[in-house]
Structures are given as structure tokens and as C-alpha cells.
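Read the structure below first, then the notes.
Each chain gets a letter, A, B, C and D, in the order it is written, and its residues are counted from 1.
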Amino acid sequence: MTGLAHFAVRRLALGLLQTAAVVVLVFVLTEALPGDAAVALAGDQPDPARVEAIRQAMRLDEPAAQRFADWVLGLLRGDLGTSLVSGRPVSSYLAGGLGPTLLLAGITLALLVPLSLVLGVAAAGREGGPLDRAISTVTVGLYAVPEFALGILLITVVALRGGLLPPTAVGAGGDLLAQPAVLVLPVAVLLARPVCSLSRLVRAGMVEALASDYVRHARRQGLGEARVRYAHALPNALAPAVQQLARTTDWLLCGVIVVEALFVIPGLGTLLVEAVAARDVPVVQGLAVVFGLVTVVVNLAADLVVHRLAPRGEVVA
Amino acid sequence: AAGCSAGSTSGTPEPGTDAAGSPRRGGRLRATFAGGGASETLDPHRTNLFVEAARAKALFDKLADFGSDMSPQPRLAESWEPSTDATRWTVRLREAVFTDGTPLTAADVLHSYRRITDPEGAFRARASLESIDLDASRAVDDRTVEFVLKHPYAEFPNALAAFGAYIVKDGAEDFTEPVGTGPFRFVSFTPGSSMVAARHDAYWDGAPYLDEIEFLVANEETARINALLGGQVEYAHELTPTTARTHEGGGQVTVVRLPRSAMQAFVMKTDRAPFDDPRVREAFFLIADRQQLVDSALAGAGEIGNDLFGKGYQYYADSIPQRTRDLDRARALLREAGAENLTVRLDTSEVAAGFVEAATVFAEQAAEAGVTVEVVMGNKDTYWSDILDSGQLCCYRSGSMPIESHISQRLLTDSTTNASKWQREDFDALYEQAQATLDEAARTDLYARMQRTLHAEGGFLVWGFADWIIATANNVGGVDREAPANSLGWARFDKVWLA
Amino acid sequence: MSAARPPGARPEASPGAQPEALPGTSADAPPPAAAPPRSGASAARVPGAGWRPFLPAVALLAVPLLLALFGPLFAGPPGPRGVAFQPPGDGHWLGTDFTGRDVWREVLLGGRTVVLVAACAVGVAYAAALPVGLAAALTGRRRVEDALLRPLDVLMAIPSLLVLLLVSARLTPGPAALVFLVALVNVPDVARVVRGAAAEIAARPVVEAMRLQGESRWRIAVGYVARSMLRTVAADAGTRLTGALYLVATASFLGVGVAPDASDWAVMVDRNRTGMLIQPWGVVVPALLVTALTVGVNLFFDAALHRRAGRAAAGTRATGSAARRGRPDRKGRGEAGTP
Amino acid sequence: MTTPRGGTGVGPERVGPEPGRSERGEAEPAGPEPGGADRGPVPGASDAGRTGPSSKGTEATEATEAAEATEATEATEDTAATEDTAALGPAPGDDPPVAELDGLRVEVDGKVLVDGVSLRVAAGRALAIVGPSGSGKSTTGLALLGEYPAGAAVGGRVSVQGLPGYVPQHPGAVLNPVRRIGGTLRDTARRHLGPGSRAELRRRVLDAMERASLPEPEALLRRFPHQLSGGQQQRVVLAQALLARPRLIVADEPTTGQDALTRQAVVAEFAAVLRQGIALVLLSHDLAVVRALADEVVVLREGRVVEAGPTERVFGRPQHEWTRRLLAAEPRLEPPKELDDPGTTAPRVPGPRPEAPVADGAPAVPGRGDVPKLAAAGLSAVHRSTRGATAPPAGGDPAGDRGGDGGGTGRRFGGRRPTTALHPVDLALDPGECLALVGRSGSGKTTLARCLAGLHRPHSGAVLLDGRALPPVRRRTPEQLAAVQYVFQDARASFDEYRTVLAQISRTAVRLRGRGAGEAAAEAAEALRGVGLDPVEIGERLPRGLSGGELQRAALARALLARPSVLICDEITSGLDGVTQDGILALLTRLRERTGTALLVISHDLAVVGRLADRIAVLEAGRIVETGPADRVLHEPRHPFTRALLAAGDLPGAAD
């Protein structure tokens, strides 16, 4: 095996450990939260006897360690457990939430990457120039507008006043693709923030790269400006942005909660908030597994890219 | 009725029902509610959220339900008759059919009540039906049930109307495709997202106008109103006063305020310092500037309270004069009680709209009387059980229920959710006496006595009653505009039509 | 394309600008007859020197910073509480907020916490993450790197909202807790971004040379690597600051940090949103201030770094040089032409 | 774009090459050309220099565009203006110049780098600029590309046809660290070939690499710049310049990193390039190369031209005193010393060292009892690399028979094996001794040096200082660090671009010898003066403000400040003119004598080796193939490879 494959395999192995750590940590933290599923379910009728009954029905009276062990054993058998609140399998919860989230994340990423690269590169083209300032001001300005405000603004202007797009995805359920129009505004709101952080990082790297000797030399070859920027300078500017992009998964997985709520898209973010609110530990755990695995894979991918972007790193004695 | 408060009169549009013209058959109404996510069920006995109550109401019926003044109205029960000591109630059932065509029988009722009171199930209505001795109760005939109670209970019909006390088919345990006697027939359900139901043509109360009803879940209030404005739904439940103000009179949608739906209060723990001293409690009653609280915390959408639950409901003591702010007297009382420079902790949380606002406004009002109120934000998921036993002062809210239920659940020594720790034997005795009194006038009198005590030295500083706000598209007709939340007329779609 | 450019656009090419050609062999190397004027050797030294590039940034920053600094002094006593979400007028020239307070007074009061807490949180996040990221990039040993970064990945794998929810339930509220929480959520990100940026720099021969000189790790990390990626760090910090502002607001709902009705711009934006359509000022004004603040900070960083780069180029920018240059120098080295 | 430019009033046809002349300089034909064939007259050749960039259509960038626009116009103006001047280059009326400088003056911060330099070079002609280190050669060369130091005030006129090819003095910095060699070269090729087929592109690239004497081009294509040796990097940049097929190549010290054999090949290639009608501006300290290639020579000193003329004239009858000094100082391999006098060959006391038998991989370790200052035992090294690596050769390759580099060559085993750059090597260095490491470019010299310096983790074996194992650099104590100092081959890459040179140098004294900041600065200034640099003038500048040779000396000063007992010098004189080099060599000799510092010198310059070394180890393909006293190895080489290397030392006297 090559060094890189070794690296990847090793990291995946570590990744399993990490996921395990995530799961344990999440379990401990959720357990440490005040109240439990019974209390949450009782809501404004916290009749102690009833709470106790619910607790028993949910097997919450058993020690946490035992519940955790049961859950892990189930996991090893590929069983994510059942929801405390509804008694339905956790996997059905995840399956329901995953679709919309993946769809939103996929579309957002597909637009995000080229958009932020182009903006970052364009801004770096002439540091301090009007275009640079304009791009910085707009992206940072958008970033500073909280997403709900942006969302409400877009809904009011585009959907309600303009009547161009549906204001929410209510009624679309999990099948968002059937009505692609409902996705436009959520994706726009989702894009606003990461585009800023990414393009700013790209810009920063590009400014340095564009001032370098190798870029100057590439220009001496008479290469087209686009080629110089995108093929020669950009790879040197990309490493931090790639890491930040990896971090965008967090944003897309759960930072979208506001977007999901605003547009009524029942994704994983919503699921998470509800599960935590209901202290539905198995569902939270199931989500932790998913988030853990996704993060491990995404981080690994980012590290591999950065590894490629800093090939000299391997010579360090 | 007590009429509308200052806040809600401001812009109440009245075209409503008229705009939608006369009843018309047909169409699908889409209604959006806040929901409970993927954990929602259709088990009517597990009803917990408004959306679940609304869905259950569409598919099922209770024996009784509450009218606009929270008095029990017969539903599946055609009539009820108490024994003279109020321990034995004979309930006559209506001729009703389930959506699968089978008729309603006494067996269905008994099964439903047994299921609810099963200790394993931990259903919410269990506490209300606790008074029934189900083993002793029996079906007199197919359409007559005789309930035997454990103790005299003059207001037993309240129990029949309890939240979640729905009648399901004998033997029913699985509710993935529920069958009920309700006005609508189940079609499809996606937890956390939508439920569709179609007209039940054989409904005993007359088939609904609508062909279909769809319940859609949107947790964010903005999303609900936006969906309504965007024509994606025709009915949006639970809006904020601010949203109401925004769209009232705009002509795009019709805003409906259901008055006196939610009691707003601060609860003082009467068993501990500083509130174990009635003078301190009274001082706090006098500190509150109720109108300001209503204006600020409820954005004007509500009316002021008089430290008593159930304004406008049956048995409410409206003869007791409205309490007004009196800082001098409050200071004097505090001085008397040796509680000058008092510092109290006020628990609040995001758990209900207006809580945080109310807490901060009250903290300011208290400061004017020299009392320091420390506002503490609690976890909203566990707020209700957190404040049950701990703390000194907390924000409190209650949905509508009969005054009797309020007292039995919260103000008796053995009440399960006695947040004010109001435990007084004389008071308990009054309550028991009332439940043994079948004569309504006498009972009214007893309730007045109880309420006078509470008004003078109780633990509930009831400062207001919030409107419950819904909005509909302008073509929706037949929406009950007086029914408080949880009452019969609320979220009732069988009398609603689309013009 | 050459044909597309009017010749006039290149005054430097006009024959008139040429010095008289040197007669005779250059071997004599006499100074050019008309010695190129040392045109304004120090007139306009550095590209982007002076305060001009800072103008937009400072203009944007001035309002929020002045309000944050001096606002509380002018706030005065709280007036009577009005009805929530009253539009401007009636003594409230920006209307009232969600509890009926005067929005203008809240604006005056609400800058300090925002600026302080967010800045501290970002500072703490960097203080914690920068060494980790740099060490990971510089160590060259996989094990050490894994030991440093994998635990952070674990933290990262827990959605930040969950971290917030979970940790906030256990924290005693207060600004310190808030700073801790916001920093905690940001640390893994910063560490990664730093590591990404430092990866290439840490492998440069200079770093080896510094090691041979016996330079301490700290000095290599901070003195060279961190310095070389200052731009990246500034870009990241600039956006992170904004993120922190709103995280503060989010956290305040969860009961951590500032009170939910605190006079705090970010909290105001969040809490007054319900009234956005009837009383927009409660949202718009603080949001504009936050935007001005963050855009200003970012532009300021940009300008400062640009200026620094200009300084490092350390050259005379002769005003006349462009006209005397053989070829217009847009190709790189000559930043001379860039203002 | 072929639209004649209006407004300048000069017919563009005057710029172009004469019709009928075989012109390889026309840069961009629209499509692929028949390779190597006579290109014949090109219609509209006047615009040839612009065709390429313009053919890119509207996306042609401002920068290139503007640059080219100016070039052409000015060239036209110039021809008239300077026709009568006795500028350098072809006689008036001869071919029009491909490049011309007129009264170039470059000034930074009041310091004049170049003053009044005029020159012209015609197609197929070579012009060399020589002069001491820091005399402004690189500045002049860059001016031909239209580039100047940041913030420079520029006077005079430059006119050049087309984009010149450029071989920079520091190839390391211009190779994109994250792009593979193949990508870099293909980009250049594509740019100048137009959208040709992939195969054609590849053929061109490989051809250029072949011409630049790059071994195993296929494998190199997959490598990153840092995976090449210094000399290989230089040749990659050369290949790039060749690929661009410019009309003019500006080569700044193109042979510094090359061993004698490769240098010969590179010179031959330049000669071929000239024959194709490409003009060459050569900036070099290597007078032999100048002699071999240049038609004319310009001698610079302190930014001014002190003498210029045809090569034979200037070198044969130098007129300016400086020229004479430069020529006199030209390093030459000295005649053999008494071979049988052990005292002169090796200054070690205990008698002559029995020489190890010359064999493949023979150890360079002397068989003796006492502990050497620095020793390497069974030291081998591999380069972990992801791709483009080659497997170690199965057996010892006969030297020179592949015409390629040594280290790391061999068959590719799937291309993903670590490269063995160094097979187990033994060597020892006594106090005060100087061991020279010679060998082909890419044979593993730098790798070995880096292992000794602790910068590269050896695959096997150990490095011993005074008999004690020396850990990698991170774990060395300050004493150990100070004891073994290494001067990097690429001086520019080893300096921090943000701090002044003096500040960086003085850190050695602070960190390794515990001096206070002020004291260290004074010592650093002293060290700079020692290597012939003005501490006030040079020291306060950032590295980018130093010339190649100046930086090399600064790097040496930095190492010397540690007062090392072992100093490893990797090509530290490659950027120095003869005079300066003399000074540095004298300095090193003094150092050895006074402080007993042991030297490990890596150099391609056999003259330098001859002057400094006591012993020589010859490295070939990562193995030491011969080792022995300097004089013996230099004058009686035993291994065929050594013989080949020595034979290649002399270049043919002059360009045809």
C-alpha cells in the first residue's frame, strides 16, 4: 500500500474510535441534561406519579450504563434502537430526515464551491481594488445578516410580494424534488454564510499566492490569466478553505435548523432539536452515529486534499 | 361574557364568517399547526400537543366536551344522570357509527376508559378519570353505561370531557390506521409532517362540509403565517400577537382571536419564605401592573386578570373587585412582614410565549417597590417539572379547563401539580363539599368562597388572559370565534367550509 | 488584446517619454544625459500608504464602535415601558421593542457586550486553537498530530448546536461561561483552518533553517508560520467574529450568558424578529450596526494587511516611474503600478 | 491577433524577422507545427510575438496584453533610434535585435541597482553578462522580462520581441510547490502549441525534458518540485524555457546546479538553441560557459557596464581592470600536488590513510582507531513519495552509461515505491578536515548532507558526532545544533521573507551561543562583513533585496555564526564570481586552520573542490563509488565515472 492509502486506512480506523467517542460523549452529555424523556413527555402536566409511570414504560428506571450497553449491543447487530417517545425504530427517523438534508446539502455544496472559488479569486485579483471591496462588503454583509432575517426578507420579497416562489415547503413532506421551486429560497439562505467564510479564505490565500514567484513565472510563460489564477495560484490558496468547507457539513447538518424551520423542511437538524427537546436518547444517539461518521469521512477527505496541497509536508524529518 | 379587553378590540376585523358566505360543501382545507416531529402518533389517548388534539378531534369524539365557558356539553353522551350522592352516573350514548361502519357501544366506552386508566400506559387523561371505579362500572345495555365513582363528584361530566379522553373502538390498540366516530375518516399520516382525513358521511352530528382536511406541521410560527399568506394552507394555528397585529386589517387573511384561552400568572410558593407570609403575597399582588404586563408581554393581545383562574368561565367569581396596582400599600405590607429589600428569584423559560417578557417586565415593576427580582432562565424542556417543587416564584401559564379541574389539579393538598404548594385543609374541605353538592346554585356559592380565599391570599398572581390567535384564508367560513383553546369549538373542522 | 486598447492608454510607450538614447557604447556607461528624475522618491512611498485605504473601514467601524463605547453614557434612565412593537413616534423615535422598551435606548446600551463577548470568545478560541493547529502542522509526526487533532474532531463531530444545548445546560450563566462556550464551539474549526493554512508553510526550507538555528518551536510557529498566514487568520477571524456575535444571541436563549432580554444588538436582532414586519427598526438598526461592525472589521484587516504587504515591498514608488518604464509593469514584481 | 496596431505610426513589419530566415523564435503558430522542420517564412511574422497571447481570444489578460503591446511598439521605435549608436549586438544593418536595452536604470529606495545599461541581442546570437556578485546581472536580466524589484523607479527603454524564455537563478522558487512537474510543463507546452492533441503535448514535453538533460522524464513528470534535486529543478525550468519556443532566452546562471557532464549537455543544448535562431542572454559567473556560448560579453560592475564587446576581444584582451581581475580569478583545476606526500593530501596526523579499495558502494571510512569528528555509518536514505518515484536499481549501475542522474534512478515499479536516494554510505570527517562530495546532479549529495544535518531521517545507519549518535534536528541540543551546521543549496528558500537578513542571521548567535540581542547583531554584522557583505546596506534589507550570490554568502554567515565544528556547504559558491569566490574559499580555509572546523563541501565545481578538499568522495546513484585524497582522485581517477566527470570539466573553447 502506498503512504496515502495507509494514511487513509489508519484514519478510518481512528475514525471508528472517534465515532465511538462521539457516541459515548453524546450519551453522557444527554444523560447529564436535566430531565429525561419522561419529564419532557409529561410537559406541563408533570404529575410525579405519571412521570414515574412513563419512566418505567420507557425503561428509564434502569441504570444508564445498562441502557447504553443494550444500545451498543443493538448497534453491533446493526440495530439503532427504538425511539423512547414513539417506539418506532430510530432508523426510520434517520431515513426520514436524511433525504431532505442530503438534498439541501448536496445542492448547497454544488453551488457553494464554485461560487466561493470564483468570488475569492476575483476579489484577490486586485487586492484593495473596487471589486475586492465590493465582494468583501457584500459577502461579509450577508454573513452578518442572521439567516432568519435573510430568510424572512427573501420570503417576504420574493415569495409573498413577488409571488415568484413558494414561501415554504409545507406539504411537500419528504419529497422535495417533486417541487424543486420550494428549494430555491432555502438554498439561497443556506449559501449566504458559507460563501462568505470560504471566499474570504480563498481570497486570503490567493493574495499570497498571486504575489509568489511561481505565479510570476507562470505568467512569464504567457499563460492566460484564468489559467494562472485557477490552475497555478488557486491550489496554493485552497488548503484552509478546504478545511473550512469540511466544517460546513456541521452547518449543513444542523446549522440549517433555522432554515428547516423557516421553510418547513423536516431534515436532520429539526430531528435533532426535537429529539434533544424530548430527551429521546436513542434518536439522539442515532444522530450522533450519523454525524460522527459523516464528520470522520469529511474530515478525512479534507485532510487528504490538504495533504495533496502541501506535498512538501512529507519530507519533514 | 366579560367582553373583549382593550388590547384585542383595537383592530378586530369582523367580516370573517360573512366574507366566506353561507356554508358550502366540498374542498380540501389545509391547516397548519406546530407539531412534535417524527415522534407524533395518532393514538388519541397519547394526545399531548395541539396538533394531536386537533387531529384526534377530527377522527374521534369524547363523551362530552367543553363549551365556550368551559361547561361540559354532551357529545357522544346523549345525557347523563347522577345518583343523589353523585357517586353513580348513568350515561346514555348517542347513536353513532365508527368510520368502519360499526355502531358505537358501551363496550367501546369501557374499553377506552380502561385503556386510559391502565397504569402501564401513563396516559395523560388518566388523572381525570381516576375517580371512576371501572371495575364496578358496567354497561347497562348497548347504549347505556353506569359509572361508579370512588367518591362523590358532582362535576363528573368534566371528566368525560377531559383532554385526551377519546372513545376508541373496543379492543383498539394499534392506531396506525385509526378508526373513530369523528367527523373525518383517516386517509394517510406522515409523523411530523402531515395527516389527511376525508369526510365521514355518516357522522352523527351531520357530515362535515369539507371533502378533506389536511393537517400540516410547521413548527415555526413565521412559517405558518407565511404558508397561509402564500396560499399553501387555509388555516394557521397558534400565531403570535405581533403577527396578528401585522396582518389584522390587511385584508389578506382573517385573524381570529379566541379570547381567554391562556391564563398568565406568576406562581408564589406559599409554603416557603418569603411567600409563606400572606402579606408578602399580597404585596406582590399589589406590585403587578397588569395592563403593562398585558401590553408588553402579550403585546396587548389579552385582558388583565384578577388573580383568579377562569375569567369568563362557569363559576368564575366576577363579583370580586379587580385588584389594581398600589405600590405604597405593597411597600407597607412588605415592611410589616419584615421583608424590606427583598430579593426573590423568578424562574422563567422560553417554554411559552411571553414568559421571558413577563418576567423582565415584572422584575422592573418590582424594582419600583424596592423588591429585587432576579430573572433566571430555565431549561424549556424540563421547565414544568423543575418549577413544580423548587424555586420561589415562577412564570406560569394554563390552558383553558373548568375551574373545578384547575382546583383539583393544582390547589388541593393531594393535587399532582400543586405548583403554589397551596395545601389547606379548610380549602380541601370546601372543594369536597362542592363536589358533593348537586345543586348548582349552592355549588356556585362554594366556588365563590374558595375564590375569595384565593384572591386574598392564594399563590397565583394571575395577571392576564391571553388570546389564542389563529388565522384563516378569507374563504374559510364557520370558524368558531369565541371558543377558547381546548374547548369544543376550537380547531373544529366539521362545521367549517371553504367558500 | 493589443488592438482593442487605444494607444493612448499607454502613455508610457509614447516616444516622448523616452530618454534620449545613449550614444556611444555603453561601455563608458555615462549616466543618462537626462538622468531619470528621482521622481518623488518619497512622495508616495508605499502602495496604499496613508489613511485612504482605511477610509471605508473606519467609516463603517466608527458608528458601531462609538455607539458601543459611548452609547451607555447617553442612554439615560429607562423611560416608561410602552406597548411592544410600537412603530416610531410617541417619544420612541425608533419605536419600541418586544417588551415595549425604547429601541434607541437599547441600541445605545447594546453594543458593549456584543463587542466584548464576541471579541473575547474569538480571542480565546484562537488562543486555544492556534497553538494546536500550528503544533500539528509543525510536528511532522503523525502520532502527535493525531493526538492533537483527533480529539478535536470528536468535538467537531458533535453538531455545534448540540454542544451548545448540552453544555449550556450544565453551565452557570454569565459572560465567562458564554465566552467559554462560544470559544469551545469554534476551537476545532480554527485548529483545522490553521492546520490547513500552516501545512505548506511548515514544510518550507526556512523552517528547517530556523530549526538548525536552534529557534524555539514557539518562535518558528508564531514568528514565521503564523506570520506567513496572517491573511488567512485575519480572514477567518473576521468572519468568525460575526459568527460569534450570533452564537452569543443563540446561547442567550439557552440560558447561557446574557439575559434573554439583555440590551445586546445580537440579542435584539433575534428577539425583535417576531415584530419585524410591523416594527422593523428593532431588527434593522442593530443588524445594520452588527453588519457595519463586521464589514468594517474585515475591510480594516484587509487594508492593514495590504498596507503591510506594501511596506514589506519597501520600495520607492516613484510617481514618474510609470512613465519611464520600458514596459508597463503589471506582471508582478512591480506593485509599483498598483495604487 | 493580427490587427496592426494603429497609432504608433510605425510599420510593424520592421520588427519581425526577415522573411526567409529560419526563425524558431516565432512563438505561436496557430496550430501544431511539424516538429523541428524549417519553419520558413511566416506571413505576418511581424506579429508573431503577439500571436500567441492574442490567439487566446478575449480572455487574454491585461497583463500579458499590455506587456506585449509595449514590446512591439517600442521595438519599432528603437530600431530607428539606436540604429546609429554603437550599441552592443550585431553590427548596424545586421539583423534587427530581438531584445534591446537602452540606458536602463533601476533604482530602489535611492539605491541605484543598474545604471545606464544598454545592450542588444539579435536572433541566433548569444550575449553574456558577467560581473561580480551583486553587480546587477539579474536585475538587468529581469528588466528584459519587464520585471523590476518592487517599488523600483525605472528609467531607460526596454524592447523585446515576444515573451522571452527565462531560466531564473533560483529555480526552486518559481516551481509551483503543489503542482507536479508534468502539469507545469504541459501548461507551458499547451500555451505554445495551441490546443494540440494530448499525445503531441506529451511528446513535446518529453522532448524538451530530453533536451534539458532530464533523466527519466516519464518518472519526473509525476513528481513535485521538492522531490527533485537542485540541479534537476534548474533543468526543469530550462525545459520550460525551451518548450515556450521564445525568440529570446534569458538564462540566469543556468549551469550552477549542474555537474560537469550535465553542464556540457546543457551548453550543447544552448548551442543548438542558438543555431535555431533563438537569441540568448546569458548571465553567468561561469566564464567557461560564457566562452563556449557567447558572441558578445558585457561586463557589469556595481550596476554599470565597465566593458563590452565580442567575447574573444573582451576575454582575450580585457581592457578594464575589473575584467582582468575577473578573468584572473577564474577558478581552474590546479595542477596535481605531490601525490606521494601524505602531509599535503591529508592534514591528519596519523599518517596516510590506507585507501579503501575502489568498489561499488565502498565505504569512505578510513580504517583507523581514533574517533572522527563526524561519522556516518551505513547511512542510507529513502524519499517517501507518493508517485513518480522510482525503485532502487537492482544492482550497481555502471557509471555514466545512462547519461542520466544517479540517485533514485532505476526501473519504475508501479511508480509508488519510495525512492532510495542513498545506499548505505560510510564516511568520516576529522577535525579541520575538508571532505568534498562530488557526483552527478541528483546523485544524492544533498540527501546525504541533509541526513548529516538531521533534516532528513535516515532510513538506516547512524550519524555520529564525536562518536556519539546524533539525533534528528528536532531533538538536538543547542550544542549539537551548533556543532553541525548546514548551508542550504537554495539560499533564497532558506530565508524568511519577512525579516531582514541581519535579524535572521543574528538569531544563530542568540539561540546557539546565548548571546544577547545587541551582541548577536554585532557578531552577525561582523560575520556579514567576513563574507564580503556590507551589514548596514545589505543586512537591513529583506532577503528579496539581495542578489543570489549575496544571499548565498548571507546563508554562510548565518551558519558560521554558530561556530560549528562541522560545516556542511551545499553548493555555496555556485552563485559567486571568481573574485568573491576566492574570498569565500580563503575564508573557509582560514576557518579550518584556525578553529579546526571540519568541512563537508558539496560542489560541482571541480576547481573549488580542488582548492578546498583534502579528500573527495564521488557519489554516483546514491553510492560512493570512489574516495580518496583530493589530488589523487582529481588527477588519477580510478572509477570510470570519476574519469567521465573529470573529462567533462572542460568545455569546448567557444561557440562554433
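Basically, a contact is a pair of C-beta atoms (placed from the backbone, for glycine too) under 8 Å apart; a residue touches a chain by one contact, two chains touch by 3 or more.
The chain lineup, named per UniProt: A, C = Peptide/nickel transport system permease protein; D = Peptide/nickel transport system ATP-binding protein.
Keep in mind the model is a prediction, meaning the values are calculated, not measured.
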{"item": "Intersection of contact partners for chain A and chain D", "value": "C"}
{"item": "Pair sharing more residue contacts (C-beta pairs) when B-C is set against A-C", "value": "A-C"}
{"item": "Distance from chain C to chain B - Cα centre to Cα centre, in angstrom", "value": "52"}
{"item": "Chain B-chain D separation of Cα centroids, rounded to whole Å", "value": "88"}
{"item": "Cα-centroid distance, chain A relative to chain C, in whole angstrom", "value": "24"}
{"item": "Computed distance of Cα centres, chain D from chain C, in Å", "value": "41"}
{"item": "For chain C, residues contacting two or more additional chains", "value": "140, 169, 200, 203-204, 228, 277, 331-333"}
{"item": "For chain B, residues that touch 2 or more chains besides their own", "value": "222, 379"}
{"item": "Two or more partner chains touched - positions in chain A", "value": "33-34, 148, 152, 215-216, 219-220, 236, 276, 309-310, 312, 314-315, 317"}
{"item": "Chain pairs that touch, as defined at the top of this document", "value": "A-B, A-C, A-D, B-C, C-D"}
{"item": "List of chain A residues in touch with chain C within their complex", "value": "7, 10, 14, 17-19, 21-22, 25-26, 29-30, 32-34, 126-128, 132-133, 136-137, 140-141, 143-146, 148-149, 152, 156, 193, 196-197, 200-201, 203-205, 207-208, 211, 215-216, 219-220, 236, 239-244, 246-247, 250, 253-255, 257, 269, 272-273, 276, 284, 288, 291-292, 294-296, 299, 302, 306-307, 309-310, 312-317"}
{"item": "Chain D residues touching chain C - in the complex, by the definition given at the top", "value": "1, 3, 5-8, 50, 54, 58, 60, 62-74, 77-78, 81-82, 84-88, 101-105, 107-110, 115-119, 142-143, 145-160, 177-178, 226, 298, 304-309, 453, 455, 473-474, 478, 481-482, 485-486, 488, 490, 493-498, 507-508, 511-512, 542, 545, 555, 558-559, 562"}
{"item": "Touching residues (chain side chain C, partner chain A) in the complex", "value": "48, 53, 56, 140, 142, 146, 150-151, 153-154, 156-162, 165-167, 169-170, 188-189, 192-197, 199-200, 202-204, 228-229, 231-232, 234-236, 238-240, 242-243, 245-246, 249, 269-270, 273, 276-277, 283, 287, 290-291, 293-295, 298-299, 302-303, 305-306, 309, 331-333, 338-339"}
{"item": "Residues on chain C engaged by chain B in the complex (per definition of touch)", "value": "78, 81-85, 98-100, 169, 173, 253, 255, 259-261, 274-275, 277-278"}
{"item": "Touch list for chain B against partner chain C, complex", "value": "221-222, 240-243, 245-246, 292, 295-297, 299-300, 349-350, 356-357, 360-361, 364, 375, 377-379"}
